[in-house]
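Below you will find the structure I want to go over with you.
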């Protein structure tokens, strides 16, 4: 039962609510002797941090991470790593109305129905603030991957906002850090900025997005045949992120429209081993990595918290209208980019450790014997 | 580490290879006193069974299930239920070439790279025959659900084959059992039949598909906030099925294109509790069921085994061309329908049991107190 | 893989080192709506707290617990409960010698051999300070048990120190809180006090102990047949406590000397259900609770940190002698009493939740139908 | 939730009842490329097999194991290994009385109270026949250990029957296979034979036993600090065996009577690394193996099934007397010897795989650098 934990060997358990004193995670199973400092983790947290542009919530959180255990003289010891982020900007306010009302599209009603109690302040446990803990854990995963598989990289970016997609021909990874959308298409980023500005200020609305994450340098052989598949865990990891409604590997949903002839990634022998003429599979065959880039996408629904009124009910069953004021992301997909990266990094590290458990990192030889 | 196991409380571990003596599964954690017979499980296996029409592989397997443990006088005892299906139609043949060659799009190469050994006969463990064990386990899940939540139903059907989609306006659930595609649109089914016939015989090709599964009568409150989300486990369950490349809940990938105003499922008070004016969420909010229909879709890639030649390599690195003769499904998505249903049934039962573990089935009251 | 986690449904993950900034635990899977405050947990921590008598280490730690998540308006919400205890009295000192030396009987050498790195300050992760987190988690378990099974109680006490055992005829549970040994035999407690004083001051030595824990009011039906046995989990829980070398249920090791006739707990029908004429089984048959008192014992080895010199080696292989100065428990078994209670409480709650997962709390009726 | 499963990486799930058609286990996570045949497993099963001497039950079971999956051309493939043993000698008889009566000391009553249904034939799931599956799994573990740690051995033997203990001075491991008790003391074995014969035939009674298991050649570094301790898992593994009531590591319960000075295993530098002047710890410090012999003992209670009448009740609450006729072990501890060995072998392999997951088999160097 892993209610708030992910991973098999590299196990991350997150805790904390939006308006509690702090949030964080316990990272268990990290290899020992990995160089790790709070500063190294902070780099990743700063990418996800709210309040950095007008495109994201104006809640101002430094998201400063502290390492409380598991690291000694800037190296991991193999014992549980506790990461804590104190909440700073929990505005005190009157929750009278929101405490009694279920906001449409939010977990307010399902939490209430499940638990008979909910911390309604800022969404409580269902708040996207929980993802800060995941990004922190992702920082640990990246540090460990850096030791175990030098050269492995995990990069996320937005490929669609609302109905507007990037133009793959203009795609340039270097653009990702140059705009607030993590968008690899500079032209699209400009268009999105104008659109989102209008959407938020004039239309009192929000919009969804598609994030793509690519992992390069992943060795072949990670995964397992049936339920411990690498793609199974990647799908779970992404679907577990707030507001995600779909996950795709390689061709994804579009694979349905292809024929077997078109979808086949033909294999040829390269100087360093097998190579593929295409990557429809997204780097995974039969649940196990091929050594090609792992490519996945996930869709984030539009933020449910909007200034436009929506019909709902109160706990006592009476009808009401909800208009969500306050500080909200008009496109929560933007901040999902570093979260997606973090989850993918954690899953890959986890499968790397799993693989050496069962096989010891064995690889069947290919080539002239 | 759940390499070949799914579920938290209702745990299914499958075993067996395509051409071994048998395959099956151990179902642990099933509630006691559930009426269960081999016949009741067989009903579901018969839906998945190969060789039933020219649309699926001609391998002829009775897929007769035996219950070896955990059932006494036709009732479950609460101890592990062992289900075994003997393989009958493993054709003996010369595997000389296939033993040395990696078929494109298959797990041949990744199994070899991971394990340094593979049972190449019929795909071994990576064969879709493994899904028979899942369907058998799904039969147990359905029997338990029948006791615990009378009226709950789980129904799967194909909504897309290649580029051809059903017309939602013509959709009729009663049609599903009347054609070999589990297609709810009789007109589409006819068109698909002609297309698939041509594809297989003339084009020597295969094609992908999209399956939709709907669960009705699911109580609200199943799931958990962060990683034990109902949608996380549904996504993992579907992605773990052979050849699946994408999974969607509710609006799925299309949620990216929606605005918050359009995507909101407004809540109104009905005679028996909360009702929703729409179901963009697919019955899940914040990882927890709302009581609406749970709606998901997954995409199955086209079968890699086709009669058209594809380039590949042998174990020794030399180039070759692979033409897969033998008995293969031109659209493996067809037989994925009962598999998807089985996985969804297992996940829902599992979360029902999980929910009563933590909350005892508690529900926060909504309505005039 | 549960390196630092115990429990199936009620899952506790502890973190922290002896001389780090803090230690604590994440408690996941606790039922919602359980009344819980830091003060209620503190009561149990105060029982384990060091520095309370000359019989235990003089390290002075307030062990003040903070609840960082999972509790709202003094009730559990069903989300992860984070408990943190800040370390206060980590004396700064020169670790030059201890950093290079392996203390006999300590985990210094095995940590080094496993991880190639160790936090040598005060034993790091292997310090008994870790058990503070377990006692805090036990406080949560007790709170939940108080809601679910009113009247259930878990009580631990010392029955042996060194070769000195209590006299069962003088046993009085009321005595437990009246002496620093949690000893139910006032006369033995006095004798132990004099002995331990001499041992510590004059003999520069330490000594082992046996703790007994009794749980009354446990309903029948908790546990599972094979590996999810209640006694399996109790044994694991106790053996996981620092310095524990043996665990017994009911007659324990002495069961070997009994005959079947003597060991049989005969069953008679009482006014409220089955009763037993004896309790050799310690309240568990076939891994499942009978409703009788659950009785277990565990042995704690003598503290390895003593003022008498013992031979050892340094990291470079050179010989040395170790004399452990500093603040250490002459009988670490004393403080193991509240830890044992906490572990037993956690296991019982966990199995209570597990049981309602699978059976819904079903009980086969006994008596005239 | 591991109701019928043990292990983290090397996971064994057992299934089957005493009088069902078959029993067996699924072994998941075994390393690939391990040489394995049914014959190699059979060797271990034959040691546990009933009906071999008048000292054990006269039920005649060949216990012939079949490998149904996971092995290809006599090597493990890394996929789940299914082992099946068909029951042959389930005598058909009238269960009328036993179906309604709870035998004292048996799980009859607790199964009924938990599940509201039980397979009463021969004890159903609670029968010691289940341990055949564990011994088969242990055979797989031994095969894998043989590949990974040549020279590692796991040996069990009886050191006490009733009140009669072996004389450690006469102990000779070579004797173990020469008497039906797996007793390393030939003189004791003779005495036990006479005693057990009298006990069974004249006294209509049964008796308990203590088993010791020693593992030599275990590398240092296996285990983990807190809950993934090697001794935690060994304790759980042994306590999970039918009728076991106590488990000890090293000095075990006797550690309570020792002082720190006596209990210290001093460390000296040997030619190949650290050596210890004694082994009070039983080869485990802080939950992690030291490289010394791992030594554990467990106590098995006397068989509850005896020819002497014991008072009990029926399901309807009426009083009765139970005299258990039929084929039962007068000292079930005898057949627990190979079961204990199997469990210890499985735990050690599991921790070996776990260790390489987290640390990659890293070892901190000791000696002149």
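We call the chains A, B, C and D, going by the order they appear; numbering starts again at 1 in every chain.
Here is the rule we go by: contacts are C-beta pairs under 8 Å (C-beta built on N, C-alpha and C of every residue); 3 or more make two chains touch, one makes a residue touch a chain.
A quick map from chain label to UniProt name: A, B, C, D = Chorismate synthase.
Bear in mind the structure is a predicted one, so any value in this text is a computation, not a measurement.
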Item to complete: Name, by label, each chain that touches both members of the pair chain B and chain C.
Response: A, D
Worksheet item: Which chain is most remote from chain B in terms of Cα centres?
Response: C
Worksheet item: Which integer distance in Å separates the CA centroid of chain B from that of chain D?
Response: 38
Worksheet entry | Where chain A and chain D are represented by their mean Cα positions, the distance between them in whole Å | 45
Discussion item. From the mean C-alpha coordinate of chain A to that of chain B, what's the distance rounded to whole Å?
Written reply: 26
Worksheet entry | Shared interface positions of chain B, touching two or more other chains | 1, 3-5, 8-9, 14, 29, 32-33, 78-79, 114-118, 125, 225, 354, 357-359, 362
Response to the item:
So, in the complex, the side of chain B touching chain D is made of residues 1, 3-5, 8-9, 11, 13-17, 20-24, 26, 28-29, 32-33, 66, 68-70, 72, 75-82, 84, 114-119, 124-125
Item to complete: Mind listing the chain C positions that touch chain D in their complex?
Response: 1-6, 8-9, 14, 102, 104-107, 109-118, 125-126, 130, 160-163, 199, 203, 205-210, 220-229, 231-236, 238-240, 242, 245-269, 274, 277, 280-282, 284-291, 297, 299-306, 308, 310-313, 315-319, 333, 354-355, 357-359, 362-369
Discussion item. Help me check something: in the complex, which residues belonging to chain D touch chain A?
Written reply: 1, 9, 29-33, 78-79, 225, 353-354, 356-360, 362
